[in-house]
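Have a look at these structures, which come just after this line.
You will see two complexes here that share chain A, one where it goes with chain B and one where it goes with chain C.
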Partner chain A sequence: MSDRKLPRLLQTPAVLLLLVWMLVPLGMTLYFSFIRYVLNSLRRPEWTTPSLSNWRGFGNYEFVLKSKDFVLAIQNSLFIVCSILFLTVILGILIAVLINKSFPGQGIVRVLLISPFFVMPAVNAVLWINMILDPVLGLQGIAVAGINDLLEGLRQMPVLGGFFSLWPEFEPISFRATQTSAIAVIMMVTWQWTPFAVLIFMTSLQSEDQQQKEAAVLDGAGTWSQFRFLTLPHLGRPIAIVVMIQAIFHLSLYAEIEIVSRGNGNKNLPYLIGEFANNNIGAASATGIFAVILANIVAIFLLRMVGKTLME
Partner chain B sequence: MAIVAQSSKFSIYGRPVLAWGVGLMFFFPIFWMVLTSFKTDADAVKPENLIFFTPTLENYLNMTENYDYWRFARNSVISAVSATIFTLFVSVPAAYAMAFNPTRATKDVLMWMLSTKMLPAAAVLYPMIFLAKGIGLYDTHILVITVLSLINLPIAVWMLFTYFKEIPKDIIEAGKMDGVNTWGEIKEILVPLAWGGIASTALLVFIFCWNEAYWTVRLTTIDAATLSKLIEGNRAPEGLFFGRLSAVSTAAVGPIVVLGWFCQKQLVQGLTFGAVK
Partner chain C sequence: MGRIVLDQVSKRFGDVEVIPPLDLTIEDGEFAVFVGPSGCGKSTLLRMIAGLEDLTSGNIEIDGENVTEVPPSKRGLAMVFQSYALYPHMTVRKNIGFPLRMEKMEQAEIDKRVETAAQSLNLVDYLDRKPGQLSGGQRQRVAIGRAIVRDPSAFLFDEPLSNLDAALRVGMRLEISEMHERMRTTMIYVTHDQVEAMTMANKIVVLQAGRIEQVGSPLDLYHKPQNVFVAGFIGSPKMNIFSGPEAEKHGAHTIGIRPEHTDVSMTEGTWEGRVGVAEHLGSDTFIHVHDTGLADMVTVRITGDISVKHGDKIFLTPRADQIHRFDAQGQRIA
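Let's turn to the complex of A and B:
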């Protein structure tokens, strides 16, 4: 065996495993998406086993495209992912710049900050939606009730009472509702992933060219223009990394959506697939193929953007 | 001058106060969960018992007696540890091949590997269940370990590749001169040199395996169910159950958060994928 053949062969197990992992289920999904295949049917029991004789052509795809949830789910997927990316990058940069210079207890603050990243996503969701955001029993409910009680007390005051009686009662927000559940999901995922962004940006800031900065200060550059023209360009690559890794994880967000609202008006694509898969495997598979296409569009875009900088 | 004086004042007082504020704010939900886990279910929702209460271990005792916590925990340890080891066994040789003997296709192979991570799990879940039940692997450790390894393989190869790339090729070549074969190169030269990188990759893979919920919840029922399944089963939407919930949650995330604290420096280096020096 030649000098380099064996070393090169060493990557084949990894490649083969991933190839099987990708192609087999994907092939089956593709197959199921073209046949009628349901888990339970009293009227048409022959549909409950996958078979070519139940061929439906593009029927499942039409069915999915016509269902009103489909467009909603795509919009929601994109809305949730983009909001999380935007918030984590902005917050990440601000916090990284804040804690990058040394101050008493810097090490402890770092440890406190990174902790949310290690929390299991399912725990994250149950914790936030129940104990923090619940409109009655959670901290939100308790805080709103406290403020209302305080206002009620102030209204009884002799002179100023008239002023406070103009104030409205505060209403706690229910984050399980259709309009607000996406916000809750964005909030909890941002809490979990901002630490990731902060740590990557901090690592990058530590390698910033200090001499260049000092020169800029001598030239009279203010804090803002230092940040704008030196720090921000330096953070270009790390921002690309943060965006790419997070996009990979958040496009398949599921636990949070399910726990917050059971998809009530707040479905994303993975959730919609799960819903179809309760009975209609054909439709679930067709939606799955749409999700693969969407992920590929995002992937091509992201890998183009990041790939070059990663490989140098 | 005014600006300089102001900014230094900020550095002395403003920065520490603000930074501690942000740090405590981010940690607060975890602190709150741990605190609530020592309250009874009734105390946990009373405003007057928010901070002052009589601590109790009732929730933890209840959890180990009625919910069989240790079985789920044991399953989590078994699957996460085995999946991490298996992932490393496959990814270290692969990353070695790509870093020291690259071909023209190496770059594309790496990109393709990462792109398999973007394949939505939900799209292939049903075929997987179908197959798993077909071969009789549903709800077994083998299935969970295989799936966990496969979903983490791309990240592991990437991380190791970026570490290995930093090692000068000459050192590896020198081994060849001494007549060491390929396995020897990996075992005696590469692994000791890249130990830090391999350890942080292992850690990250372990954390991702431990926290994985989508596959582990859906591919198991009882025998191979991990802690994420325990959480799934304990999230009744309403009612007085905050104490119980907090105890289960604390016991599920505690080990990994503490592990993360000790290894945060290495983890951060690994997560930057070599793009940030």
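Let's turn to the complex of A and C:
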């Protein structure tokens, strides 16, 4: 036992630091979520300092649950995170498998592929919503206008014109609207995070055993079977890693939502917390606790799913 | 069935000609061993037969059919790799059944065949384990099982035993020989270990730098090595080979004498030398003799035990009818 003590002792500061690091913010959040605590109140100035005498029990939680945006925020959080995960994993695997073969210009292609990951989220959002998705000035607007012009030209043709005049005029989509802003966020974050998935999957593909592949070729496995029975199970763990890390990151998306629609019809939990935190710290903290619970549920659920489907 | 004919087969990797054009026929039911030093192209040749490597030129026929352009899975061959190449995420049962599943065979039939193969390889208790939970020898058996279930026209083995420890290696060697006796299917076996070659083969193909040095039965190679390379490669301990005045006495550029074909005396003999290291194996003794004036070291092998000390004077007498003679090109003089 005695020779165990010294290492334990030496570990203590690190462990303590970690505990403090995690427990203090969590504890404060829990504490605030059970008291009335607002930043500004002319009517009840005593609420502006955190104190146990302002105890509210589960009142903050009830308030949050009843607020009109809460269910929407949960749904939106899940919808955005799951869509991004699904898209980045599929795109990541496809691209990684494609560029894993050697071809001329491989190095440059790989650097270019990784580059979106180095764009700041806010910049990414501004670029996408203004320069790409904008219905008038963005690429989308220009493309739709171009197609409409082309159609207009075709309608003037002598014989086929009659056929083309049956075609409708194309309408550009506004991605700042209530129904579409979540889609815009999904697109821009997918663009930014696919490189991360590609990077992780590519590393993993390079460690794949080539003799296994050859054995499979001799066993009569075609390209698809090799992918399905060797490559995909081999990627199981990296997929789990990509899913976990991204789930954690994207549950806390904020900048993109702020920039695309200022939360108009498209709130997620962090955005809701931000709104509450303008004044009502108690409600914001309660929402924060809900977010922690949601993150854990999502993480466990996703890990189970990835584990089950890939490891056969 | 499984008669394999290589016709002017050659292979280059870029500018390097790894295998110059060669001809070789392996008869149906034969156990052929490709043996040679590391890097001589044995694996490359085997992989060309399997279809994993394209030919630079030439043709390969299996049972009279030209398979040069036929994809690997359609050649009816099964291969066992040095690293076993088992599928790590599948159980032993799935591993063995994989080739059948790829053939879209019915599950019931797959189960039956896997069961039969597992029984013959003593794997029944391990069917539901993953390869990571098996010992080296068991993995090797799974790899063999995966080859057997396909009922191939020939088996290809690429150094299948080199990852096993010495005791297991001897055991598996016997099992593979036994399997060949039972199934009588053509087998091509690649190894750099001449003991494996000698003990297992019907036909040994000695390769050096991609060229065939000699093809023959183990005893052919032992008694009539066609050149100096084969003489030095086959047999353990190695044949003593020397050129110079002693060789000229026998009308040759180079002569060779096997350690076991040299008689030893402490008092008289043809060559005189000094004992270096003596290795006592109990059944045999290998004595390394120095200062004979013939070569750096001459090895002799004596049945039973003999008491000699380091530095003792010793006399060697080669048996005249066992001296191998070679000309200046290293070819055997009949």
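FYI, the second predicted complex is superposed on the first by the 280 of 312 C-alpha atoms of A that agree within 3 Å, B and C clash if a C-alpha of one lies under 4 Å from a C-alpha of the other, contacts with A are read in each partner's own complex, and residues count from 1 in each chain.
We take it that contacts are C-beta pairs under 8 Å (C-beta built on N, C-alpha and C of every residue); 3 or more make two chains touch, one makes a residue touch a chain.
Keep in mind that this is a model prediction, so the values were computed, not measured.
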item: Combined model on chain A where chain B meets chain C, clash or fit; value: fit
item: Partner chain(s) touched by A:V119 [first = chain B, second = chain C, both, neither]; value: first
item: Chain B versus chain C as contact partner of A:A216, first or second or both or neither; value: second
item: Touching partner for A:R155 - first (chain B), second (chain C), both, neither; value: neither
item: Between chain B and chain C, more extensive residue contact with chain A; value: B
item: Partner chain(s) touched by A:R56 [first = chain B, second = chain C, both, neither]; value: neither
item: Which of chain B and chain C A:V24 touches, first, second, both or neither; value: first
item: After fitting on chain A: smallest Cα gap, chain B-chain C, Å; value: 6
item: Contact residues of chain A, present in both the chain B and the chain C interface; value: 311
item: Contact footprint of chain A on chain C as seen in their complex; value: 50-52, 72-73, 77-79, 81-83, 85-90, 94, 98-99, 102-103, 146, 150
item: Contacting residues of chain B [partner chain A, same complex]; value: 3, 7, 11, 15-16, 18-20, 22-24, 26-27, 29-30, 32-33, 36, 45, 47, 50, 90-91, 93-94, 96-98, 100-101, 103, 107, 109-111, 113-128, 130-131, 150, 153-154, 157, 162, 176, 182, 207, 210-211, 213-214, 227-228, 231-232, 234-235, 240, 242, 245-246, 249, 252-253, 256-257, 259-261, 264, 268-269, 271-277
item: Contact set on chain A toward chain B in their complex; value: 3-4, 6-11, 13-15, 17-18, 21-22, 24-26, 28-29, 32, 50, 95, 98-99, 101, 103-106, 108-123, 126-128, 130-132, 137, 139, 142, 145-146, 191, 194-196, 199-200, 202-204, 207, 222-223, 237-238, 240-241, 245, 247-248, 251-252, 254-255, 259, 269-271, 273-274, 277, 281, 284-285, 287-289, 291-292, 295-296, 298-299, 303, 306-307, 309-311
item: Chain A residues within the chain C interface of the complex; value: 209, 211-212, 214-221, 225, 229-230, 233-234, 236, 311-312
